[in-house]
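Labels A, B, C and D are assigned to the chains in the order they are written; within every chain, residues are numbered from 1.
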Amino acid sequence: MLSFFLFSISRAWQGFWRNAAMSLAATATMTLMLLLLSSFWIVQAGFLASLSYVEDKVGVVADLDDNIRQSALTDLQARLAAMPEVRAVEYVSKEEALRRYREQRSAQGQDDLTPFLNDNPLPASLEVKLRRPADYRTVAEFLGAEPIVAKVQNIEDTTDRLVSLTNFLRTFGVLLLAVIGSIVLFIVINTIRLAVLGRAEEIEVMRLVGASDAFIRWPFVFEGALVGLLGAAISLGVLVGAAEPLSRFMVGFFSILPINVGSISRDVTILVLGSGLGLGVIGAWVSVRTYLIR
Amino acid sequence: MLSFFLFSISRAWQGFWRNAAMSLAATATMTLMLLLLSSFWIVQAGFLASLSYVEDKVGVVADLDDNIRQSALTDLQARLAAMPEVRAVEYVSKEEALRRYREQRSAQGQDDLTPFLNDNPLPASLEVKLRRPADYRTVAEFLGAEPIVAKVQNIEDTTDRLVSLTNFLRTFGVLLLAVIGSIVLFIVINTIRLAVLGRAEEIEVMRLVGASDAFIRWPFVFEGALVGLLGAAISLGVLVGAAEPLSRFMVGFFSILPINVGSISRDVTILVLGSGLGLGVIGAWVSVRTYLIR
Amino acid sequence: MPRGNRAGGAMVDPRRPVLVLNDVTKTYPNGRDALKDVDLVVPEGDFVFLVGASGAGKSTLMKLLIRDELATQGTVTLDGDDLARLPRRKVPHVRRKIGIVFQDFKLLPTKTVRENIAFALEVTGTSRRRIKPAVNRVLALVGLTEQAEQYPKQLSGGEQQRTAIARALVHDPRIVIADEPTGNLDPLISWEILQLLLRINELGVTVLMATHDADIVTALRKRVVALEEGRVIRDEVGGGYHRAG
Amino acid sequence: MPRGNRAGGAMVDPRRPVLVLNDVTKTYPNGRDALKDVDLVVPEGDFVFLVGASGAGKSTLMKLLIRDELATQGTVTLDGDDLARLPRRKVPHVRRKIGIVFQDFKLLPTKTVRENIAFALEVTGTSRRRIKPAVNRVLALVGLTEQAEQYPKQLSGGEQQRTAIARALVHDPRIVIADEPTGNLDPLISWEILQLLLRINELGVTVLMATHDADIVTALRKRVVALEEGRVIRDEVGGGYHRAG
């Protein structure tokens, strides 16, 4: 068994180099397709991180009545914090609200209207951060029923739109990745098929001389694996080479996004190696099958 | 000459079908690659339209002094309209400004602060729409020098960021399309090369029997063209089939965008047919060349 | 027989039929009848010349015997196995019993002469240690020791044919089926190859050989089966190439 | 000659050399010397048998003549053209002067017998109208009329060889180079093919034929050039296959 394994590998190595033109053409296609797949995977990962970042910003803001008891406030804060939907609760006092308003106006380059005010018209409020934007309604309704809450700011429309947009984008991204994945799958298998097609006669001769299916198949499968692994190695090399300038550039642009570069590069390595190997093996298996079953 | 042309075409047709497995595999790859290319082209077109739409929104807002003369205002408006950078000028009166402010507050679900005001603190203003966002500075400086202008609202930062973002996205899109284009080019040529590789011996025999290079080459080139055109036809078929549900879906989402579906579909048709034909011909030419030059 | 381990043909039962065609008709998909109502029994240890004009059906008969083609009618039995009923899985095993020299050689283009010959042993699971000497022995027998590391494309026609012969003999087959194995060889080497086949036949190997070489057939006076347009028109022991003998 | 348009060889100058090898040595990239210091002059209208053991260099000599290989040393001249100096563009024109029967046939696998034969006329730019009758004529000559629409894979070995012969003759070449054209043919058809070659030779076509068929060479008493390990060891008119004659 082991000797058959080793034998097949050595035959695969031989087959790869003796049909160098075909093998290298197949490897080139494999490499490009893996690069395409991994680029989209990376873009997709960055994109999902951006969506999460945006969703993080969704929260429920409840304006409080003026002059409420501190104990009532503390009690509400505690009950909110205990809700599974809630990630964090922040209390914004009347003074803080005015300060933020002024900041916001001036950041937008608009006039500060507050000097015209006689009194601080802004209410104190509780800003509740959610675990999932879709829970907006639950928390808003809970707050609306509280006696010390004057009014829950109505951003339901905005939230709904945001939720449906992010859901759409997420689905769209997954779909796009699936489509690209299928294209890669098909092209690679098709390419390996073309390479095997050029060796159909060789397979026929092997069979006529008494070679069993396994004896013919495994060297081809290992050859497919070799094409896959070589393609994966080259792709990873290119990605590593491109990573440094690219990430420097990306950081400049998306510096706010909490992208975990470590986990992405681990995922991409697994993706590239796994799909290279898998596609090579499956492609070879399927292609040889055609010529064995007769 | 014409008879040679017709002869080559009939040989190409024969060659295509007598090597059906290879030809169809090559056509399948061609089809998928054209679909990939055209999808990105379409996304890119939609994307550029979105950018233009966003850029349209960039304008210069100049607050005017209270109590200016109507003639000075009309004069300024006329001079602005005459500037090549300016697309449109709108006058917003003090009352209109207050109305808009109230609308905006309530749309954001925030309290209306205006009842606390003694007086309308908002100035009248001129809103100038630009042809290109990059011209922001020129127009802002022009307005700043006008006597009746109290202040030019400073959104230079925002504009700068927007301009550099849209420029970045535009470049990125073109770059992405170029990369995908190169991938498609390479994969298709590589695939045709693999198919020709399987017929290298046939070419050798033809040469030994006294066939001239042209005699061998042209049927292959026409066969490549056939693969390209068939791939293009199938791709267009798929696109047409997908267009209706997809555009219905897209309109729902991007209904605001002024996308010209007619011109896009014309461009895509040209793109798909042109690159299918071109890639098929170039691929075959390059591949056969290898076996002729010896 | 290269190794000569079936000494003196002691274990050979000359009445046991190893190749049997029973009322076989072969019609190719394009409608051409290559064989019609062929009956043929070859007992173990026999030496049979298959003769007939070009297109008479000799190669077709041999293709049926190795299950490269299936008979349209009738049964083909090889060493007791009905080839039409043989499960796919077992086909390689049956083929390994036979040493086949194809008319068009069927060498593997990406393997050297040595590797092509070794291949017939590798498929049987022979260990490397035993493959090397066996291959060297047959290389010497067919006179290709010098060409061992060349690829088929780098061989002369006769050298290719001798490679095919060496591959057919290297695994000590019990049956040798040779389709015009001397068509590309000069008279001298042809006779040497014939001597080789006669020697292994004496050791009990059944040999079926298609040939156009009238000199050889007539000189050896072995069993001759003559085909004409797919029918057996003559089957006699000690006959010549032509009907007159 | 199928068409017989060079009536009675009136335009043939028998002293004009058409095939000339001048001190030719051919060493293959792997170091094997296939030809050594070969001098050979074949005048127009000659009929030459090329004999020699397997691997003696016969096919290599023929490959040099059609510029499939280039000589390592010496010059090869065909009909006045030094093949080593011939511009690439002109190579097809030279090849069209020759009718070549390859030892391994070299048929186009995706073309039928008819198309394979027609191919040799198509490359010369012959019109369709004239191709069809010419192809039918040679098909009848080699006895393949019935097999005209089959693909090479669907032919017997001898039928493939006859297709190759038909392709070599269809365009009325001035020179015929045949590499063991009867290796896969039975004696009867072999003789018929020989008669065909003799007939076209009488019409002035130069014929160079490599063969292992001792009977034919000895019987015809034509010029015989014998190679041994790449050297010309014998060149005599009216010789037999073997040195003794």
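Quick notes on this one:
By our rule, contacts are C-beta pairs under 8 Å (C-beta built on N, C-alpha and C of every residue); 3 or more make two chains touch, one makes a residue touch a chain.
Computed from a predicted model, the values in this text were never measured in an experiment.
Comparing the centres of all chains, each the average of its CA atoms, the largest separation from subunit D belongs to A. Chain centres here are Cα means. That of subunit A falls 25 Å from that of subunit B. Look at where the CA atoms of subunit A average out and do the same for subunit D: the two points lie 68 Å apart.
Between subunit B and subunit D, the centres computed from C-alpha atoms are 62 Å apart. Arrangement of the chains shown, judged by which pairs touch: one closed cycle in which each chain has exactly two touching partners. Applying the touch criterion to all chain pairs gives A-B, A-C, B-D, C-D.
The touching residues of subunit C, when paired with subunit A in their complex, are 66, 68, 89, 92-93, 95-96, 98, 100, 102, 106-111, 119-120, 122-124, 167.
Contact residues on subunit D toward subunit C in their complex (touch as defined above): 28, 30, 32, 51-55, 58-60, 103-104, 147, 150, 154, 156-159, 161-162, 179-180, 183-190, 212, 214-215, 241. Listing the residues of subunit B that touch subunit A in their complex gives 21-22, 25-26, 28-29, 32-33, 35-36, 108-111, 113, 116-119, 121-123, 153-155, 168, 180, 183, 186-187, 190-191, 193-195, 197-198, 253.
For subunit A in complex with subunit C, the residues that touch the partner chain are 7, 14-15, 18-19, 202, 205-213, 215.
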